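Shared between the two complexes below is subunit A, which has subunit B as its partner in the first and subunit C in the second.
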Partner chain A sequence: METTKHTVSARQFFVMMFVSHAALSLFTGSRSLGGGNLLEGIFSCGLAQLVGGAVMWPILLLQRRCPGLPLPQAAEQALGKWGKLVSAAYLLYLAAANGAFLGLFQIFLQDTVNPEFSASVTIVLLLLTAAYGAWRGIECVARCAGVVFVLFLLGTGLVFCITAARFESENLRPVFYDGWGQTLYGAAAFLARTSVYADMAVLLPFAKGVRARHFWGWALGCWGFIAVLLLLLAGCLGPYADTQNFPVYALSAITEVRSMQRLDAVFIGVWIMALIVRMGSAMAAGRACFAGIFPKSRPGVGLCMAAALMLAAAFATAESRSARMFLLGAGAHLAGVFLCGAALPLAVFLPAGRQKSKGKGGAAHESQTPLR
Partner chain B sequence: MKAKPLCGKILRRAACILLGAALLLPLSGCGGRELFERLLIHGIGVDKDGDGVLVTVRSSASEAQEELFTARGSTVLEALGSLTLTTGRKPFYAHNYLVVFGKACAADGLDRYLDFFVRYYSTRPSVELFLAEDRAQEVLSSEKEAGYLKMSELQQLSESGRETGESVGAALLDFVNAARRPGSDPVLPVVRTLEGGGVEIVSTAYFKGFTLQGEMPLKETRGLLVAQDELRTGEAVVRGDFGAATLTLSAVDGEIAYRPGGDGPPQFTVSIRAEADVSAVSDTQAVLNEAAYRAIEDALEAQLKEEIEAAFARTARRDGCDVFGLGNTVFREDPSRWRTLEANWRETLGQCGLDIQVACEIHRLEQEIFGPALG
Partner chain C sequence: MAGTVTGDIRRDKAFFEQRFTNAMDFMLRDMDLGGVKAALLALDGLVSKQIITLSILNPLLAARPPKDPRARLSYIEEQVLGSMEQKRERSLDTLLTLLMSGFAILLVEGCGDALVFGVQGFETRGPEEPQNEVMQRGAKDGFTESYQNNIAMIRRRMKTTALKFEKAQVGSESHTPLALCYLEGVASPEIVAGVREKLRACDLETALGAGYLAGYLERRGLFSGVGQTERPDVVCGKIAEGRVAVLVEGTPSVLLVPFLFVENFQTMDDYLTRPFYAAFIRWLKYFAFFVSAFLPGLYVAIAAHHPELLPESLMLKIAGEEMRTPFPVFLETLLLYFLYEILREAGLRAPKSLGSTVSIVGGLVIGETAVEAGVVSAPSLMTVALTAVAGYAVSRLYEPLSLLRLVFLILGGIFGVWGVTIGLTLVLLDLSATGSFGVPLLSPVSPFRARLVWRDVAAREPWKQLSKRRARVQDMPGVEKKS
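On to the complex of A and B.
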């Protein structure tokens, strides 16, 4: 059995996952949560994280059964040639999901920041930077994530503190006023956007000493961040948030301190950094999946393929309405999360368990892996 | 251990520097235009003009001077866009301080004129809104000291008005929220031009949703601000046996509490606590005694109560406008009751009971510092 060298600690890994997940909070708003009561989004997010724990369970079980073995290799050992299909499914999902979010970022730059913004150039550069990080290895992306984590918290913390002065309790709506529908829809929407479960499934073997408490720490941290964000959106922007496509961005412009009303550059810079980490980790995962399909290919080829697929998905999302409807649809994303987060790891876990019980697993040994 | 080739190291570093620099390029701002190609807008006036709109725009010409332009169009954006034809520059709204609407726009419903400022990418939610007593064009054309009145000064007028406690301030965000929140209506300061130049705030306009319903004088505006806990400071003149006392209000706290009130209309209690200093007293002895202080307190309490009652009678009882946000209080504190009231809230609002309790304390510095001998 091939195992991977542990290249990052569990803490580094989940910090990277936090930044990857928090990067998508830019797209949080009443339109994406299915209703105008943003406070209910706090419950939705909590519920999504709890369901996420169940989704994550097969991944953690698989890692316990085949410690250190990358998922593509584990799939091939458990399912034979069918295992390559598992790797292909992950590669496609990672490219489609992350490309769609990158496309959404491009739409954000053109729709809300400035239509004259050279958004497609920014997307290409962002992807190139992320590809460079992924090429240097998961450790490089994780170290970068550590720095971005601090800058992200400082940047968003600055915006949060400045805007908190405009918090008005009159803007808060009673929770569950219109029933539970919005909360449940919001939970599904949050879960659909948690494509990092696929990243975790592929990249977890490269992290050392991962325990369930690390995952729950990550889940709690993500929930806390989103909860504060939603509370500020609800209390500071109020019903005005319903009129905005990207209300999180509008939040940065409402301060009464005039010199602080032009925080756009800080804001966009912080989010670009977080997206670089997200795309970097997704590309590292995509590269590992490509190596699972074509074991003899050069590492750079897998990386280029993952980057090309993401770029294609990003441009399709930004330019084509029908592609946008499909790639940004909550249903497709939710299916992807359950498939790559739970169903496929379970499909690998069950046969792997039988093989291990028959003693076919063999002794683990360290070998070269597609990730440094 | 195998040494890494030097050219590989150099390539990696070069790639890092190039990517870092390239990522900064798209953030260089202004959409690739030079500053002189931009019309840096400081203030916008919107008037109804037949079926279309007339916009009056103030933009910066230099450090000290501002320019004035007007343009017509079927919508606000079309009119503003047509400025490019007369100025040769593209409008840039991120530096805009304020928007003044003509009275005809407000009577027509501001939502149809306001949408541009809410949706357009470079407009700001913190921009200040005003209502012109007649036409916005007059306000924006106002001159002062051999030049146009600067828009930053007009914006300052709103802020200083809030300091004196007789003017509401309304950012775009506040106005939209007050209009869209359940059980709540917005207000705007009304401005007019002065004969000698400049502008002044004359009253407060109140709306039913986005449509102008009426105006209340500045004294009643203070009643509204006190009840909403938005009065920061201000001056009040009270009269009695002690003469006329000018008081400087400070530490004013206002709170509106909801009482269900059984099957009838909801009841509300407005509790006000205020502190004040005696700044000037006329027609009296040099030193105020305890009885005079108490009389001043009573007079101030009566005056604040009267201002709140007058504002409520005019806006809620007469015109059915919930500028106090009473419905919103019910919505938040008793959502199930709000379900039964929501459909006919404007009719119910005028029947709601408003119990106003004011407690004022005048600082007795003379007594405290110099002791009871002077009391």
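On to the complex of A and C.
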């Protein structure tokens, strides 16, 4: 069977990850950072990205040890039947984390924007679009992410430039006034939301090129974007930002270009595109994990399963308070990030290393998981 | 299977006569060549009777072939006939196909081979400028229905031995001849082999146009990875960049593969004008594409769901107009969209003399009276009209654009701007997933390569740079490398 060893370049891959990560910045606000000073969030985000580098280390090590081998296959090779549990953990985490964020977006639509049409149908439509992308393959999502990346930067850049005119330095508060506590909490909150580490663990084998360098480029880019966003939130909205559930939307709502009064609809439109990319890449990863659990299943089944789990998590988040408390809780997310970002790759890496030294593995592998 | 020529002239003639029963165009001329029986077969209308008489019949009737049957054909070939295009053929199936392609066949008693002569003489259209691809400064000739003439038009422009024309055939019933045209050493051998393979796998019964084959050369998707042109200069330009052209007998359209999405915005005129103007025109086309695809959807989305996006005065004007009409803006625009498409189709199909009447009655009379009667509002009518005009700026994309317009209109009407963005992402995903012979359709935009984007996508470099930095289609970013 003819297989392609790598399907996307490292640059394309990390652009896709940037879009996926930036899609969640719509939910950035002082409440999600533990309250208080938004400016400290800039330091929190930087710290989270640095810790993220440590989280990423086992993933990169594993890729170096088993180049081109997707994590579900590497896990099965290293842990035998227990490897399926690793795949299952990734599938559940990807579905829960991304479904929760989708649910949060539904809450945002229902409570803040209040459109004339059903927010649930919008979510289903968004998920179906993402599923189409995942079905056509990771290359498809990555290429689309390249275009969305440009549109996203143009859209947010426009809003940032317009709102920058309203920036008032009086709104800025001194940082670290109350010590380091909030910064550390904010860093944990940022890290908890970086669920793309799980995507990276599963999908990185499909990217070629220098990965560590690109990873740090991605981390720096994400930090820069969040930093500008937080600075504008703090400088333009001031204490008003603290009263908002979604201050980024509030920021977009005050944009006014001459006779055009508001640009928030365009802004949310661009955000929806980014969310589709995020869901698409997560579903592609979910499908790969499903194939790790049930190797003989058809690719479409895995995709449907991943999409159904995400939708269930999204509706649970939007409709049930207890589910929302659990699925959007920083603690659960942080545990998920450490488990899927660092602990599980490390658990696969160590036995894989022993097997390699015994001469059982280590050869360059072809990607077996059907991602196309 | 019909077998081979037997050498028994009565049996061989009977075979052809039986196959062409009730075919009044079938011509059979019996001859006696110094005691040796012979027959000349041809189809009326496909051959030039003058050439047959002067170059074949007259010399044959004066000939005295040898008694030895084995030496007869060699004698006729070498000493009697002076036809440039002649060959021996034994298979009766092939002879039938050749006969129907305008060849004449000579059967000689005692010979196990037939002689075939290229004496085609059917009428063909002159190389007029294609109406679908009118250029301001480009050449004024276009392909015709004869693929041999088309081959000559390309050869006249590319005087190199690297230019290859591989003969092939499709259609189990029509036996349509075609030619694969490419530049050896420039075109990727994998792409050429891929085209060859796909054409070989083509299971059509009849192929009456290039469009029949396009479906066999592309992957599923809204946008095609196969280009079509009627201009020889465009074909030459494309094959110089490593593409493969497929010339099909009976159609002036030539297929081009691989064909990238950005090529839909490129015309020959872009390369004949100054670079800055070419870049300006190209950006106009990108804008026209955007207007044509999204304007109705965005108009309905904004007017119905997000009026705050509009300037106050415009918003009030639209609201005022909408007050006068009975339908909501979504339904009204949808109605106008369908009305326009009907008028366009009617204008295309109506006899030429009625075409302008249809346009005037449809465009001016119906449009104006509908607005005056308060059935539809002027902004909606203007939106649909602007969309229609913009679509012709990128005429290659007219088919997908007309469908996209409808989809975005519905999405915008139901889900507002967000519906349009979801639709746009779906289109982007579809474009990203489609490739043409291993080359991503969105290349070099995504996967991105700055040099190629600045070379001939975002701008058009001057010829001094274009000629130095060659960009073959197989060198585009994201081209699948086989393991």
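One rule holds for everything that comes next: the second predicted complex is superposed on the first by the 350 of 372 C-alpha atoms of A that agree within 3 Å, B and C clash if a C-alpha of one lies under 4 Å from a C-alpha of the other, contacts with A are read in each partner's own complex, and residues count from 1 in each chain.
One rule holds for everything that comes next: a contact is a pair of C-beta atoms (placed from the backbone, for glycine too) under 8 Å apart; a residue touches a chain by one contact, two chains touch by 3 or more.
Just so we're clear, the structure is a prediction, and the values are computed from it rather than from any experiment.
Asker: Classify the contacts of A:G280 with the two partner chains as first (subunit B alone), second (subunit C alone), both, or neither.
Answerer: A:G280: touches subunit C, not subunit B.
Asker: By the touch definition at the top of the document, which applies to A:T122: first (subunit B), second (subunit C), both, or neither?
Answerer: In the superposition, A:T122 contacts both subunit B and subunit C.
Asker: Once the shared chain is lined up, is A:N114 touching subunit B (first), subunit C (second), both, or neither of them?
Answerer: After superposing on A, A:N114 lies in contact with subunit B but is clear of subunit C.
Asker: Is A:A265 touching anything from subunit B or subunit C once the two structures are fitted on A? First, second, both or neither.
Answerer: both
Asker: Examine A:V148 and indicate which partner it touches, taking first as subunit B and second as subunit C; both and neither are also allowed.
Answerer: Second partner only.
Asker: Contact-wise, after the overlay, does A:T255 reach subunit B, subunit C, both or neither (first, second, both, neither)?
Answerer: first
Asker: Taking the superposition on A as described, I'd like to know which of subunit B and subunit C A:S9 touches: first, second, both or neither.
Answerer: second
Asker: Pick one for A:G137: touches subunit B only (first), subunit C only (second), both, or neither.
Answerer: The answer is second: A:G137 touches subunit C but not subunit B.
Asker: Please report the subunit A residues shared by its interface with subunit B and its interface with subunit C.
Answerer: Subunit A residues touching both partners: 115-117, 121-122, 125-126, 129, 132, 261-262, 265, 268-269, 272.
Asker: For subunit A, which residues count as touching subunit B in their complex?
Answerer: Contact set of subunit A toward subunit B: 111-119, 121-122, 125-126, 128-129, 132, 166, 168-174, 177, 237-240, 242-243, 250, 253-256, 261-262, 265, 268-269, 272.
Asker: Residues of subunit C touching subunit A in their complex?
Answerer: Per the stated touch rule, the residues are 302, 305-306, 308-314, 414-422, 424-426, 428-433, 440, 442, 445-448, 478, 480-483.
Asker: Once bound in the complex, which stretches of subunit B touch subunit A?
Answerer: Result: residues 15-16, 19-20, 22-23, 25-27, 29, 31-33, 94, 118-119, 121-122, 124-126, 171, 173, 176-177, 180-182, 184, 325, 328, 331-332, 335 of subunit B touch subunit A.
Asker: Which of the residues in subunit A come into contact with subunit C in the complex?
Answerer: Those in contact with subunit C are residues 2-5, 9, 12, 115-117, 121-122, 125-126, 129, 132-133, 136-137, 139-144, 146-148, 258-263, 265-266, 268-270, 272-273, 276-277, 280, 366.
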